[in-house]
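Each structure below appears as structure tokens.
Here come two complexes built around chain A, the first alongside chain B, the second alongside chain C.
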Partner chain A sequence: MKIAKSQKILAGLVFLIMLALLVAGIMGLMARHQASTFATLDEMRSYSVMATAHQPLVDQYGKEANEKAYEYAQANGYSRNQRRDYVLEQEALARKEALVALRPGFSQDSPGYAQAILTLDKELEKYYLALDAEEKAFLAAKGQEAPPVEVPVEEAPPAEGTDAAVMEAPISEDDAMRPVIDDLTGFEPSAALVAQKEAITPYADALLSEISLIHPALTADMLAGARQPIIDAVRAKGDTFETIYDRALAAGADSVLTGRDPLFMRMVREAENLLYLAFGALALGLAILFYKTMVKRMGTPRFIILLFFILLIVLAGLYDIAIPGMITNILQRLGMYGVLALAMLPGIQSGISLNMGMPIGIISGLLSTVIALEMNLTGWGALVFAIVVGILMAVPVGYAYGLLLNRIKGSEMTVSTYVGFSYVSLFCIAWMLLPFRNPKLTWALGSGLRLMHNMSGNIGGLLDNFLRFNVLGVSVPTGLLLFLGLSCLVMYLFERSRKGVAMIAAGSNPAFAKASGINVDHMRIIGTTLSTVIAAVGIIVYSQSFGFMSLYMGPQQMGFIAASAILIGGASVSKAKVFHVILGTFLFQGVLAMGIQVANAMIDVSGLSEVMRILISNGIILYALTQAGGKGRD
Partner chain B sequence: MIPISEYVLEMNHISKQYGDNQVLSDVSLKVRPGEIHALLGENGAGKSTLMNILFGMPVITETGGFQGEVLIDGQEVHIKSPHQAIEHGIGMVHQEFMLIPGFSVTENIKLNREISKPNLVSRLLGHDLEVLDSATMEQDARQALDKIGIAISEAEKIRNLPVGYMQFVEIAREIDKSGIKLLVFDEPTAVLTESEADILIGVMQALADEGIGIIFITHRLAEVMKATQGVTVLRDGKLAAHRETSQTTLSELAALMVGRGGADQIDDNSRDFPEDAPRAMVIRDLYVDMPGEAVRGLNLSVFEGEILGIGGLAGQGKIGIPNGIMGIYPAEGHVELFGEPLPLNDSRGSLKRGLAMVSEDRRGVGLLLDQSIEDNIVFSAMQVNGDFLGAAPFRLKNAREIRQTADQMMKELDVRATSPLQPVGTLSGGNQQKVCIARALALKPRFLFVSEPTRGIDIGAKKLVIDTLLKLNRELNLTIVMVSSELLELKSICDRIAIVTEGKVSAILKPSDSNENFGLAMSGIAVEGGN
Partner chain C sequence: MTELNRPNINIGKHLKEYVVTYVFLILSVIFIIVSGRPMNDILFQIMSRLVRNLFIVLSLIIPIITGMGINFAITIGAMAAQVGMLLAINWSLTGIAGILVSALITVPLASAFGFLIGSLLNKMKGQETIGSLILGYFANGAYQLLFLFVFGMIIPLSEKVTIVGATGVRNTLDLTINKLQGAIDGVLRIHFSTALYIVSGIILVGAIILFVTKRMSSRRFYTLGGLTVLFLIIYHLPFVQPSFANVHVPVVTFVLVGLLCLFNAGIMKTRLGQQFRAVGQSRTVANSAGINVNRVRLIAIMLSTVLAGWGQIIFIQNLGTLQTYSAHEMVGLYAGAAILVGGASINRATNGQAIIGCLLFHTLFVVAQDAGTVMFGNPVVGEYFRVFLCYGVIAVALVMHTWRSHTAKKKMSALQA
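After this line comes the complex of A and B, so read on.
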């Protein structure tokens, strides 16, 4: 592949920038371990501690100025508004003056003061380490006996009229997928830890007395009031280089540095971000350099989505979103949606294009799971029962659906979409009428199945937690991924069998298949049935991972999500491979998961998350449908 | 004062290349006013290209134009678009009807040349919003229809008309255009019944009497003799001859069309089979419903070990024969294969009994373009015979065996590709054709149909394909039926050549038979076969 000169120059520039960022980042990271940097950070910290200690004094000056200004204003007959402005102005002025006046030259610092900070810092560090360890142990212990989280929906009184509202608001998958914020309620530190905390007191006292030596103006009362802020200024819980630096910087410490210059410290502070940017620049440079090859290999849509994906990784790094948690999230989503996306594969291969009637299969899976719950089955028995029965129910339905699709060749996508919708609506009635009796499943008043069903305690998380392990902070849902891998393997083997080869030929060139004596209609039925069966299995895997099962309108959107995933993966409406399923699900769910988190971090408005989720996911779906299979459509 | 030219149209020394492919070289055509001039030639002789040049079709201008000059009424013109052609008074009656079924006869005749009256809105917003002047339009349409003597209502919807009449609406549309000087009829009689064809020829003569020059493209030599005054024959992109109809004969035209004498014949490889030699296939009363290539009650026998050619003009049904027997299009009749009756309309059954076919529609029916060479080669054998599959119970594709066979086939047939994994869609036409042949051979057939094996491939590849077929026949004693529009090709390897016209065998000839006989057979005139 020839690379144009302009490409080379541009890429060269980007690589130069990348190199600069990389060098700066590595230098910064290395500098964090240098004594001189530590000295400078300590210097900044002692400044910020002092500034914290001064706060009561500054407050006092401010208060005095405020009162004085008030009196002055009163005396001069200022109007109410004038008075308020004047007072505020005077107070701000006084505070500023006080800060300047109080700013201690560090040369004046007694060596005892710096020493006292260092000593306190060490003790605090030890204490926080111990605290972290205990909290972690507590959480781990709690996790194992986690009581099932009750769904608020189910708690709601099933009064008339609320059902409709409840139906409109199923649990968003985003809520379920959000990384758990550590719930420390009920945490009690051990006696040893309490003692350790007590032991810190004298060191803090020592620091305060050092401060009062430097600034006699600080009364004991003032110092006592500022005690905790001062301690926190030395070291707060979870402090890192960055947070200490940021705090000192906020206190204005950069103006008094004597060791390293402020710019260098800034570089040290941003070292990690510089590395993220360097990674982004590397990706950009490579993208420019190998633009043509990559576009040719994977098609424009995947190229763009991949770039977007990398952009999100860089942004996630810059916004300090925990990468391991995010990878955990993406892996989980991959396993959750992978099997559903796989259901699209035999449909496309057999020539019925995207099987938008997937809800037909999904409902079979839901029905079998509900039957398992009705029978009070739990654990692996329930899972196996649900899958086996789900498959058995999906086969005849899929076969009939295949017969239908053979009569409407050429407009499968439109018809199947509406067949799917109708089937969902049909089952909205069925869910109400089917004779389920288990009170765990039915509405508290009246009959019919509830909207959402909690999977925990029966099949919830069975696959996810099977052989689950942690590596580098990433929690790998081994069982889930294994199941996806196994499903893909079975599909791959089928592709290599005589029937599979025939089915793919019938889908990609019916005239060819017919000339080789293949019954094209029969192959389409096989593909449709397979698709339906996989969809049934897929929803069971999805539900056990998601933790909830959503009946009624729940399955309606699933077809779009699965179709988008496989299209983003590089499939076209007439050609697809197992690889497209995995790549597509990974990209789709990866962009979705990261996009929401990054968007939330960037736009700090609570409650926006659901809006963002809908925007991003539908945006991707739209893009997938319009750009489907850039390579396949040539 | 411009001298009135003797000719309404002169095309002098026209040459045209598509890339390296010389499709026309130094061709001239002259038509007098009021003359019906036949343009003859086999498929691919260059008739369509010549007409495309006349009409300034984009396909010509986009591929670098042409050499030579075009004169209308003695004036040199440069026609760059069909619109300009119409302005110069040239009209065309298409072979495929270009009519809108839901519109009336008048509307079709006046399409895009509607007569309209201005109204208030159109005065404000432009011509596009003027009201149609139906009365005048219908009057004009009636006039045009009367001129050609067709008694159909101008208000009738096209879809309600019999097929033959659609042709007349096309003609009416052309003569309704004012100032029409030259009309081109592109195989107008192909879809007409004999009586309709007679009416059409009458119409043509009436138009000619009004001084309009007519170019009549046809394959039916009898019509040429009957209706025309002049004949131009093209062969292989060259001017074969120009004749006054009164000074030529049917057989001379036939010979001119197909080729002069035996000068350009390739080696004759034909062998003689005795009349009582064992038959590989006997076809009796075969009907095949293949659109555009229908077979209507065909009888034919094929000897064991022979190469039988099937020739004939496009649309006469020769391609329908293999497609019908292989079950690709619905067929009726009796076919015996090696003495056993062959069930029709059962592709798998045909394949299982040792029949194989290399389809004329290489990209549509012959190949899975997305898939690799090796997958294409083994596909049919795997599906039909269950070859190339691994051990039970899974019976997956046996990659090693497939690779072996593919490598061997690619070597034997000289398929040029980077690897057996290359998608066939990226191969050249010739290599694709070889993959098609390899796929048929992987079935280990006893009887092979080859349909248009050299269509759309370059000369070198053509020879390779032909040689391969000859080798297969001689070495494996494989019975081959080769359907081709290229007579020379058939002559070069076939033992006998059956010419199909109108869905039936009109003659079975030896490759050594005269071109005259071949030409006559193709025109549907029964000749004494050389067999």
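After this line comes the complex of A and C, so read on.
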């Protein structure tokens, strides 16, 4: 494909920027190991330590000014608002003056002071290393015990009375997917560690006395009060080059640098971010250069999603989101949704296009799981029971559903969407009325199954934790991924079997298939049944991984999520491969998983990820529909 | 319509076509009896629901006639209207002025959205129903984005509609503060009996004039006159009249609904209306007749979107609160289900079907919950039953329609062979 001149120029510019970013980033990373950089950082730190020590004095000046201003305002009969404004203004002024007045008091020539900081720093570093090691050991020991069983679902019957009978599930996936914050409750430092902490005291005292030498105005009381902040200013837990630099910068340390240039220090600090940006620029440049080819091969939406994926990677880097945790998250989601997305495959191949009636299969899976729970089954027995019974129940339902779809050829998507919705709402009634008696499952008051069911203690995490291992901080849910791989392999083999080939032929060209003696209707039923069965298995896998099972309106949107996954992977409404399932689920869930974390890091609002899911999921389905609509053109 | 091409009324065929309507009628009667709610309460509820929903349901007719199925993307029109209302509240407009401004803002917004919807639906001919449904979902995402992150953060709004210290527009906007609640309904409210007399009077006088000037067939005149008189007599039966004691009719709203009915009927007599019908019957034929099919479809959707937006304004001013993030979500579903209950199909709909459908659907909606409580001892079951009714009606109508057109096609090809 020809590349326009403007494209070349633009891409060239972007590549130049990328090169500059790359060079700056590498230089910055290298400079981190140079002595002069360290010296400058030390200089900045000694400034920020002193600024912290000043704080009580500044506070004192501010307070005095505040009181004086208050009396003055009182004497001159200011109104309440005027007084407040005046007082605040005077206090701010006094604080500013105090800072200016104190600044000359900072002497870089005091060798005792600089030395005291360095010694204290070394001791603190040793202590924090030991502390980290102990905490890690504590967490590892705790992890082997059984995880605490939480029951966040409260026993309240669903609200009633509104027009919209939409009930939000009490637990959103976003919450469940948030990285686990290490729970350190019950952690006790060892005696050696306590002694080590005690040993730091004299070094801190030495530093404080050095400070009082430089700055006699600071009373012992003031210094004692500012003791911990001063120690933290020297080195806090988990400090890196970036955090020390940021802290010093916040104290205004860049104004007094004598060693390195402030801008250079900034570059050193941002070195990693510069590299991330360089990566982003590289992707952008390539995207500009091969825009046309990529859009043609992938289609606009997939191209946008791919760019978005890369953008999220860059942003995740910029916002310092832990990469191992993110990969863990994406792998988990891939396994969780993979089988559900796979359910779309036989539907598309057999010619019923996107099986939006997937909730029909899902409900079979939910029902079998509920039956397993009702019988108080746990562990692998429960999982195998749920899967086997789920499949057994899905076959007749899928068959009947296939018969229906054969009668409405051409409008499968429209009809199946509403048939699916109806089935879901019909089962809402069924969940209320079916004779389940196990008190773990039903509402405490009245009858009917609860909205959400906790999977922990029965099948929760069985596949996920099967042969789970950690590598480079990434926790791999081996069993889950193996199950997905196995399911895909089975589908792949089926595609190549006699029946599978016939089914795909019937789907891609019904007239031709009919002419070659294939029973098209029969093949469509096989595809529909298969799709329904896989959906039933998929929801069980999903629930055990998610940790909760959501009944009632829970399955309604599942069809859309699965459909968009396979479409993002490159499938169309009439053609699909196993590869599309894997790639699509990875991209879609990757974008969602990263999006949640990046959005949380950027702005403190919830709901953005849900909006993103809605836009991506429905956008890709719309695109697929417009592509398919080509047949119906006049 | 002359006497000659009036089709013979075939009861079997009629029943087949209106099976959903009759099922709903029977269900309604059973549920009203089972629910045990006092009749005047039910009628009061039904009236307020009719006021709220009729306009929106009527906005579905034009796209159906144009062969674009149920336009579930009317949710987007509703979103446009909600933006309008939000701005009106933001600017502290009150009463009728606020309503008029929101209605005015709705027009360009909804037309623009309608243009986009129509352009997209033109690319997925034959899949419009599902396409518009998913488009509605998609737009909902964009709407959330707009209200959560753009309004307040990028476009500044007053504290009346935002929460200080948080992002985005408030969850619920109270319309009573701005006197927007009932701004249309409240202009003139008359008792049901008064309304009945006035409407009957107009119908009778109109019918007599038309009959005398020989513009109405005698058969039609007698049916119309007879029905009107029958209604009046029924109303005066001793156990009927008290049931309407609480029912008041907001005149202006119903005049608006009436105007929309006239518009729907009138536009069919224009050139554009004929084009709607032609495109709806066969795109290929319309195309060969020199009609710009895509343009006609675009106009139909734009009209529907704007009308639905106005309908949503009527809905919200009647309700009195604007649920900022969810008020639009169910619009398409309820309106679509209502018109299908009235016997409309994917390619055929009339004002009468819309009105009857709306009446039956909302009757069942009002009593389903209580009936559920009585039958299953659980109000939640009734609630779910209502949801099931919505989806079920649409599913059944879609299946029946596709099924029928398949059989018709088979018959056609059999005849040709």
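The criterion applied here is as follows: the second predicted complex is superposed on the first by the 551 of 634 C-alpha atoms of A that agree within 3 Å, B and C clash if a C-alpha of one lies under 4 Å from a C-alpha of the other, contacts with A are read in each partner's own complex, and residues count from 1 in each chain.
What we mean here is this: contacts are C-beta pairs under 8 Å (C-beta built on N, C-alpha and C of every residue); 3 or more make two chains touch, one makes a residue touch a chain.
Treat the numbers as computed from the prediction; the structure is a model and nothing was measured.
Within the superposed three-chain model, A:I429 lies in touch with chain C and out of touch with chain B [touch as defined at top]. More residues of chain A lie in contact with C than with the other chain of the pair chain B and chain C. In the superposition on chain A, contact of A:T626 is made with chain C only, not with chain B.
Once chain A of one complex is fitted onto chain A of the other, the partner contacts of A:E374 are absent, as it touches neither chain B nor chain C. By the touch criterion defined above, A:E134 lies against neither chain B nor chain C after alignment on the C-alpha atoms of chain A.
Chain contact summary for the complex, chain A toward chain C: residues 157-158, 160-161, 163-166, 356, 404, 407-411, 413-415, 417-419, 421-422, 424-426, 428-429, 432-433, 446-448, 552, 560, 603, 605, 607-608, 610-615, 618-619, 621-622, 625-626, 628-629, 631-634. Interface residues of chain C, counted against chain A in their complex, comprise 69, 120, 123-127, 129-131, 133-135, 137-138, 140-142, 144-145, 148-149, 167-168, 283-284, 287, 293, 326, 329-330, 334, 369, 376, 378-381, 383-388, 390-392, 394-395, 398-399, 402-403, 406.
Of all residues in chain B, those touching chain A in their complex are 326-328, 346-352, 357, 359, 361, 364-371, 375, 379-380, 382-384, 386, 389, 394-397. In the complex of the two chains, the chain A residues touching chain B come out as 493, 496-498, 501-502, 505, 508-509, 511-512, 514-518, 575.
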